[in-house]
Amino acid sequence: MILRIDRWQTEMPPPSDPDPEGAKNVQELMGGRFGEMSTLMNYTFQSFNFRNRQGARPFYDLIANIAAEEYGHIELVAATINSMLTGASPVDDGRAPEAALEQVKDRHVNPHHFLAGGQGALPQDSRGAPWTGDYVFSSGDLIEDLTHNFFLETGARQNKLKVYEMCDHPAARALTGYLLVRGGVHQVAYARAVERLTGADLTKLFPTPRIPTAKIPECQPHIERGEHLKLYRFSPRDYQEIVAVFNGPHPETGEDLVVEDEAPAGAPPVDLPPQPAVFAPGYAPEEISEIAQKLRKAAGLPDEPLGEVAPGPTMVEKVKEKLTP
Amino acid sequence: MILRIDRWQTEMPPPSDPDPEGAKNVQELMGGRFGEMSTLMNYTFQSFNFRNRQGARPFYDLIANIAAEEYGHIELVAATINSMLTGASPVDDGRAPEAALEQVKDRHVNPHHFLAGGQGALPQDSRGAPWTGDYVFSSGDLIEDLTHNFFLETGARQNKLKVYEMCDHPAARALTGYLLVRGGVHQVAYARAVERLTGADLTKLFPTPRIPTAKIPECQPHIERGEHLKLYRFSPRDYQEIVAVFNGPHPETGEDLVVEDEAPAGAPPVDLPPQPAVFAPGYAPEEISEIAQKLRKAAGLPDEPLGEVAPGPTMVEKVKEKLTP
Amino acid sequence: MILRIDRWQTEMPPPSDPDPEGAKNVQELMGGRFGEMSTLMNYTFQSFNFRNRQGARPFYDLIANIAAEEYGHIELVAATINSMLTGASPVDDGRAPEAALEQVKDRHVNPHHFLAGGQGALPQDSRGAPWTGDYVFSSGDLIEDLTHNFFLETGARQNKLKVYEMCDHPAARALTGYLLVRGGVHQVAYARAVERLTGADLTKLFPTPRIPTAKIPECQPHIERGEHLKLYRFSPRDYQEIVAVFNGPHPETGEDLVVEDEAPAGAPPVDLPPQPAVFAPGYAPEEISEIAQKLRKAAGLPDEPLGEVAPGPTMVEKVKEKLTP
Amino acid sequence: MILRIDRWQTEMPPPSDPDPEGAKNVQELMGGRFGEMSTLMNYTFQSFNFRNRQGARPFYDLIANIAAEEYGHIELVAATINSMLTGASPVDDGRAPEAALEQVKDRHVNPHHFLAGGQGALPQDSRGAPWTGDYVFSSGDLIEDLTHNFFLETGARQNKLKVYEMCDHPAARALTGYLLVRGGVHQVAYARAVERLTGADLTKLFPTPRIPTAKIPECQPHIERGEHLKLYRFSPRDYQEIVAVFNGPHPETGEDLVVEDEAPAGAPPVDLPPQPAVFAPGYAPEEISEIAQKLRKAAGLPDEPLGEVAPGPTMVEKVKEKLTP
Amino acid sequence: MILRIDRWQTEMPPPSDPDPEGAKNVQELMGGRFGEMSTLMNYTFQSFNFRNRQGARPFYDLIANIAAEEYGHIELVAATINSMLTGASPVDDGRAPEAALEQVKDRHVNPHHFLAGGQGALPQDSRGAPWTGDYVFSSGDLIEDLTHNFFLETGARQNKLKVYEMCDHPAARALTGYLLVRGGVHQVAYARAVERLTGADLTKLFPTPRIPTAKIPECQPHIERGEHLKLYRFSPRDYQEIVAVFNGPHPETGEDLVVEDEAPAGAPPVDLPPQPAVFAPGYAPEEISEIAQKLRKAAGLPDEPLGEVAPGPTMVEKVKEKLTP
Amino acid sequence: MILRIDRWQTEMPPPSDPDPEGAKNVQELMGGRFGEMSTLMNYTFQSFNFRNRQGARPFYDLIANIAAEEYGHIELVAATINSMLTGASPVDDGRAPEAALEQVKDRHVNPHHFLAGGQGALPQDSRGAPWTGDYVFSSGDLIEDLTHNFFLETGARQNKLKVYEMCDHPAARALTGYLLVRGGVHQVAYARAVERLTGADLTKLFPTPRIPTAKIPECQPHIERGEHLKLYRFSPRDYQEIVAVFNGPHPETGEDLVVEDEAPAGAPPVDLPPQPAVFAPGYAPEEISEIAQKLRKAAGLPDEPLGEVAPGPTMVEKVKEKLTP
C-alpha cells in the first residue's frame, strides 16, 4: 500500500502562456508506450508478481522502490500538461454559453483535452490513443524483466529528448530536464542489476541516444545537486536492500552512487486557476468554494485551507537565470 | 508523490489449491472497466487535474486520499490472482523442457498468465482485454466527477459480488469480502460529497445491487471491526480536510462515520514460491538467491532479509472458523 | 427517425436447456465484423451520408430500408443469446451470496455474460472483442458501397452457416434458419442494385458458400412461405422506390421478387425469467414488480400489463415437427 | 423491430460555409463514450436484455422507448457533420484527378472524412477513435442500469455544451440546441425511474454542468414549444406504460411532464449536394441519376421522386431571427 | 520463404520539399484498412492457409504470387513517407538540444513520426491508428476470399485516388501513379479468378471509382510501358500456374494480358540523409559511419559499400517532363 | 522487393491428431507482442526507414536480411497452426448442414479458427487479440533499434519455450525446436551489432531464460547441423556486408559464426486436406479441382501440378527417432 504526499518531486513553473499543441505532444510522456504510465505500471506489476522475494530481496526492493518514484513522475507529467492547457480557454468570466472554445477548434490540439476533460491531463499518448495494459511486461523471469526495464528506460529517454526539442514551453522544459536526470538513475539501477545477475555491462550503452544529459541546460541544476547519483528510498521502512544493488561508481561520471534514505523534499504543487469555460471545477467555481468553506467551518477546520500550494517560483527561476545569458 | 509500504491492507491466505480458471475471472476486478485499475486511475487523474484546490480543498482531499487507498486494492487483487495461479504448474523441480504446462492447455484459462507472464497478475479483464486509459473519466467538473465516481463504485460492487459467487477459492473470497466493505466506504464518501454540493441523497440507492453487505459471511469480520465506517487518511500529513465531507451517520447502520488519521496496519505480504516451469523468477531460482546473498553480504546487510513476509495465516483463519459450522 | 414495434420479426423458441458456450459463439453474429451490428450500422451510416438522394432515390431507398430490417436482426440475435444463457445460473431462489456462478467458472463461456452483464447479449464477437465503428464502410461512392454490402452479406452468410453447424440449440437453429433466408434477400437486392448500375451480374456468385439455402431444414418453412422473395418496406410512408431496383426473377429459383408494402407481422417477444444470481433484473425481482404494480395503478393503467409477450410456441413447433421424422 | 420514417426529429439548416474542423469535433457527439451511438446502443441492449418485462413493464417501456428516440439523434448528428463537410472540396465540376483535396491537407480535420468516407459522418469520436461496444453497459440490474443511464445523460450533456462552445457553425448550434433539450428530458425520465425504485432524488443534481439550459439561445425556441416536458411515444402501439414513470412536475420549472402519444412531426431531411472530388455519390453523379430515372420509369413510378426533402429553412430561420438583435 | 532484393519496384523521386502533413495522410495507404499492409497480409495469410493446393494450384499460385508483389508495395509507401518527412527537421548540424522540432509542433502531423519514430514510416493509418490483424480476411473458402480480394483492391483504389488528390508532393504522386496501375492488374486478376469459378464477370464494375486510370497523368508512363497488362512472377521457380487464370483480354483496353516470368528490374533505393534532430540513425551519424567503415575493412570488404543506391532521378524526370506543358 | 520460394525453411510433420486448443496457444508465436509477425515487421520497417544506409551499410544489411528470414518464420507458425487444426472438424464427407462443428463448441479453442477462418492461422495472439502495428518499434536511432531487437528476440525466446512446454503436439515441437535455434542466431547477431557500436557485451545475458537451447531434444538435430552458427543471406545479390558484423566465435559454444551465402534449401510444404465443414477451400472442393484442371489444360500446362508439396516426412522422422528411447 502507499502513503500519498501532496507535494511534487520537483518544483514546477506556474502557468504562463498556454500551449495546447505542446500539451498534446507532452501526452506521449504520459500515456505512450514509453511514457510514465508505462514505467509506473511495469514496475508495479513486476513487484506485485515477484516470486521468491526473500530469496531475491535486493532485486525485489529495487523494482518496488523505483515503481514508487514513478508515481511521482506521472504526477509531474500531469502537472505539465495542466499548466500548458491553462489559459487556452478564457480564465476570467468567459462562461458558457459563449463560443469560448472556438479559439482552439482549428488548432492541432487533442480534442479530448477540451471536450472530454476540463483542460486536464489524460492517460493518452500524443496521438490521443489511450494507454493500454498491453504495454506492461511482467514475465516473472527476473533477468527478462530487468532487461526489459533497461530497454524501457532507454526508449523513455528518447521520447523525453524529442519532447524537449519539440516543446520549449517552460513547463515542458522543466519536466524533461528533471525526468532525464531521474530516468538516467533508473537506467543505471537496472543496468547494475543486470550486471550483478549476468555480468553483462549495459552501461556501455550510455548514453542512448548518444547525447550526454549534461549538455541539456535544464538538466544541469539537477546534476549540480547530485540528482543523477541518488536513488531515493520511497518508503518509511521498506526496500532497504536496494543498497545491495545500487552502488559503485556512476558509469558516466565515476562519482559514487548514493542511496538516499528518504524521499526528496519536493515542492508544493501549483494550484491551477479554474477554467469555467470547460466547467473545471464547475460552471460557477465560486459556489463550490462557498460550500467548501461552510463545510470546513462546520468541521471545525481553520479558516485557511490546511493544504499547501506553491507560493511562487523559486528553483524554476534559478534554472531560468542560468539559461539567460 | 508516494511512499510505499510493503504490507497489504488486509491479511490474505497463502496459496492453497491452484485455480487458474478462477484467476482468469478475478482479473475482471483488476483490469475491467469497473476494476481497481479503474478506481485507482480515475481518482488519481481527477486529483492531478483538480483546479482551484484551495477553494475546494475538502473535495480535493477526499478524491486524492481515496486514490491512495485504491493503490492498495490493485495490490490485493494481484495477490489474489498470484495466489490462485500458484501451483498451476509444477512447483518443485518440474523444470523445462518438460511439458510442464500441458495440464493447463485445455483449460479455460487466460493464456497470458502462462505464456506472457510467469503465473502472475496482468492489467487485463476477465476476457484478457487490456485495461485502457479510455476508462478514465476526468471531466474537471467536480459534480460530474463525483457522480461518476459514485456510479463507478456501484458497478465495482456488482462485479465483486459476481466474482464472489463465481469463485469460492479462499483467496478470492478473502479479497471480495474485504473489497466489498471498503468499496462501500467509498460509495458513502462520494454520495456524501455529492449531497454536500447538490442536496441529492444518493445513499438512498444503497445497497446496489440490493443485497446487504452484511449478509456476506466474508464481510462480517471486517464489519465487526468497524471497517465499514472508517475512512483512513493515507498520508503522513496531507488530506486533513476529508473530515469536512466524510462525517455524519452511516446511511445503512446509522453509526457514526469515522476518519482514521493513519493508514491501516495491514499485514505482511505472502511470499510466493517460485514457478520454475514459467521461469519465475528464473529457470534456476536458487542461482538468483545465491547471487542475492552475496550482494547482501557485500553491502553489509544482515544474514536474514530485511523485508518482512507473512509468517502464517491468522485473521484468515478466524474468518474461516466463523464460516465453519 | 424510427418507430419501434415491440415484436420480433419471427417467432423464437422459449428458453430450454441453457447453452452458455453456444451463446458465446452466437455472439459472432452480433458483434463480429460480419455480424448484424455491422449490417445495421453500415447501411444506416450509408443512408445518413447519401448525397443527391433525389437523383438516386431508388438506391437510397433500398439501403435505408434494408437498414431498418437489420435493427430487427440484432434484436433476434440478442433474443437467441439471452435464451441460451437463461438457466445457466439458478433461476429459482438461488440468490447470492451463494456460489451460484461456480458452475460456469470452468466452462468455455464469455465471462462478461456473467460478470459484466446479467446473462444477456453484448455488442461483442465470439472472442469477446467489442464491435467497433471501424467495421463501418461508408465511402460515399454508391457503387463501392453497394459492392461492399454485397460482400458483407456474403461474409455474414458464411458466419451464419458456421454458427448453424456449431450450435444445435433450438434458439440458435431458429435464428440461423431465419437469418439465412432474410440475408439471402439482401444479397439479391444488393446484387441487383450493382447490376443496374454496372451490368455486372453478381448473382452468379450464388450461393456463397456453395451450399444451397434450401438444403437447410430450418430454412425450409421460411422458404415455403416465400420469405426468400420478399423485401418488406419497413416504413409507414417512405422508401417506396425500392420497387425500381428490387424486381425481376430470383436468381436461384426464377420466382418473381416481391416488395411487401408492410413490415412482417412478426411475433411477440418471449419474456425471459429473472436470473437473480446475476441480479437481473435485481437481487429481489419481486420487489421491483410490486413497485411497478403500484406505479401502474397510480397511473390509471389496467391490472394486466399492456405489453404483449409470447403465449407459447407455435411456428417453432411446426419447424420442429418438420424436422422430426 | 422498427419502422423507419424518412424525416428528421427537428429541422436542420442547409449547408452553408464548410467547417471540416468543426465536423471533426462534432464527431464526439456521434462516436464518443457519451455520444449518441452510446445512448442509442446502451438503451437498445438494455431493452433487449430486460428480464421479467411483464413484471416491470413501466421501466421496460421507458428504456425501450427512449432507445427509439436516440436513433433519431444519431441521424441528426450525422446530418450536422455532413452539412459541415459539404463544400470542403469543390462542389461544382472539380473532378479528380485534380488536387481537389489539397485544401484540407494541412488543416486539423479527421482525415477519414476525406480518405475513407465521402465527406460523411463516421462512428468515431473527435479523436478519430471508433465507437466501441465496450461503451455499452447492460448489467441486467435495473437500478444499476438506470443509474448508469442517468450518468450517461449527464456526461452527454457536458459534451454537448462543450461542442456548443467550440463550434458556432449554424448546423452545430441547431444540433446542440435541440439535443440539450431532448437529453434533458431523458435525464428527468431516468431520474424519476430511479426515484420510483429507491426514493433517491437525482433531480437535485440538475443542471449538471450547472448552467441552466434555458440560458442557451438555441434551446429557447424548443423550450417555448414545451419540448423539455414531453416524452414522445415512438411506437404505433407499444410502450404505453411510460406514463407510469414519466409524470409529475418538471424538476426545474415545476410544469407538468407530458407523454405525447406520437412521435414528433419532425422535418424533411436536407438533400446534400454531390461531392464529386470524393466520389460521393460517384465520380459522375449525373450518370447515376440517369440510371435511376430509367429504373423509376420502368417501375412505373412518377416523374418526381416520391421521397420528400427539405424545401427550405423555416424553423431554423426563426431561431436565427431570435438570435439576431 | 522469401529472397529479398534491395531494389524498389519502380523509381521514386529523391526527397525535395518536406511535407509532413502529406506524409500523415499517405499513411492511409500503409496502415489503413485498405492499405498495402492489408493487401500484403490478406494474400499472405490466404496463401499460408490454402487447403488442397495441388487440387486448386492455379488459384493458389495466383494469390501467393500477388502477395509477393505487395511486399514491394509497402516498401514503396514507406519510401514515399520517408521522403516526405525528410527535411522536416533540420538536416545539417541542427543537433539536439535545440528546439529542432518546434517547427512541426503546431502543424497537423502525425506526432509519432517525430516522437516515436525517426521521421520514418509506421504501420499506422492517416489517423495514427495502428494496422490491426483484424483487417485480415482468410475464410478458407476460395470464392469468398477471392471476392474479398476484389473488393479490397477496389477500396484500395479509392484510397489511392483520394491520396492523389490530397497530396501533390512529387513522391506521393509517383507512388499513387504506380500503385493505381499495379493495383488495377490485381483487380483484373481477382476478377478473372472469380469468373473462372463462378461465371460472374466482375470486370463490368471497372473502373471503380468511375474515373479511368488512363486519365491520371502520373499513370500514363506506366501504361505506355504496358504495366497495366503484366502479372510478374515474383519467384525463381514457383507460381508457374498463374497463366491458367491470368489470361485473355484486358477488360478495359482489350489488349492481351501477359505473365512476365520475372520480377521487374526496378530501381535502386534512394539513400535518405540523416535526421540528427530525431537521432536517425543517431545523434552523431558520422560516428556510426566510422565504426562501419572499420568493420568493413576488418571483414575484407572493398572501400565502397556493396549496396547500390539511386544515383539520380531518371524515369521520374520523364514523368515530370510529360506533365510539364 | 521480394522473390517468394514455395518451400518451408525446415521440414514440418504432416497433420496427425488435431489439437485445436494447442493451436490457440501457438497463435502467441504468430500475433503476440513477441511473435513472428512482430519480428518480421519490426525489422522490415527498420530497414525501410534506415537513414544513411551507405554510411552504415553492414548494419542495414544485417537488419534487412534478418527481416527476410522472419517471413519464413510466420510461414512456419502458420503451417503449425494449420496442421494442428486439421481434422478438428470431419475431413471426409461431413458436409454442412450437419452439426459438424459441435465437437469444438465446448472446447477452449479460438472461435475465429472456425467461425471467421477455415481452420487456418490468423494474425492474432493466444487470447485472440489481433496483432497491432503498435508492436513495431522503429525509432530510427540505430543503437536503440538494435537494443530493442535484442530484447524482442529475448522475449520471443521465452514465448517459444513456454509454448514448447504447453504443446507436445509434433508440429508444435518441430516448430519451437527450429525457431529456438534460429532465434538464437538472431540474438547473437543483434548482440554483436550492439557490441560493435558500443562495446557492451550482451551475449553475457545468454541464455535468457537461463535454459540452454541444447537441452531441448527437438533443437539438437538442428544444432548438430550447425544451424545455430549460420546466418543465411536471403538474397540473390544483396546484403553482402552482414559478414562485417556477424563474425567471431559463438558466445556459448565458441565455434565460428558463419555467413551462408544462400538461403537454406528448406523443404516442400505439406498440402493440407480440405475441411469442407468450414468450406475450406469450399463446400464441394472437388468442383474447384475440376475447374482448376480445365484451366490448366486450357493454358497448356502439364497434367500434374507444377508446384511441389511434401511427399512424406523424413527429417521429422529422424527427430522422432532421436527422441524415442
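Letters A, B, C, D, E and F mark the chains as written, and numbering starts fresh at 1 in each.
Everything below uses one rule, namely that contacts are C-beta pairs under 8 Å (C-beta built on N, C-alpha and C of every residue); 3 or more make two chains touch, one makes a residue touch a chain.
All values derive from a computational prediction rather than experimental measurement.
Using the contact threshold fixed earlier, the set of chains in contact with both chain A and chain F is B, E. The rotation relating chain B to chain D, fitted on Cα atoms, amounts to 180°, rounded to the nearest 5.
When each chain is reduced to the average of its Cα atoms, F sits farthest from chain D. The chain with its Cα centre farthest from the Cα centre of chain C is A. In a homomeric contact, the two copies may use the same or different surfaces; for chain B and chain C, under half of the interface residue numbers are shared, pointing to different surfaces.
Distance from the chain D centre to the chain F centre is 50 Å, each centre being the mean of its Cα atoms.
Annotation: 40 Å between the Cα-based centres of chain D and chain E. Within chain F, contacts with two or more other chains are made by residues 33, 107-108, 116, 127-129, 134, 139, 141, 143-144, 158, 209-210, 278-279, 282-283.
If the chains shown are joined wherever they touch, the resulting network has some other arrangement, not a path, ring, star or complete graph. Chain pairs that touch one another: A-B, A-D, A-E, A-F, B-C, B-D, B-F, C-D, C-E, C-F, D-E, E-F. Across the interface of their complex, chain E is touched by residues 95-102, 104-112, 114-116, 127-129, 277-279, 282-284, 287 of chain D. Against chain E, in their complex, chain F makes its touches with residues 1-9, 31, 37, 41, 44-45, 48-61, 64-65, 67-69, 71-72, 74-75, 78-79, 82, 116-124, 130-134, 136, 138-144, 196-197, 234-241, 243-245, 247, 263, 266, 269, 271-275, 278-283, 285-286, 288-289, 291-292, 295-296, 298-299, 301, 305-307, 309. Residue ranges of chain A in contact with chain F, taken from their complex: 33, 129, 134, 137, 139, 141, 143-144, 147-148, 151, 154-155, 158, 194, 198-205, 208-210. Residues of chain A that touch chain E in their complex: 21-22, 24-25, 28, 32-33, 107-108, 126-129, 158-159, 161-168, 209-211, 215-217.
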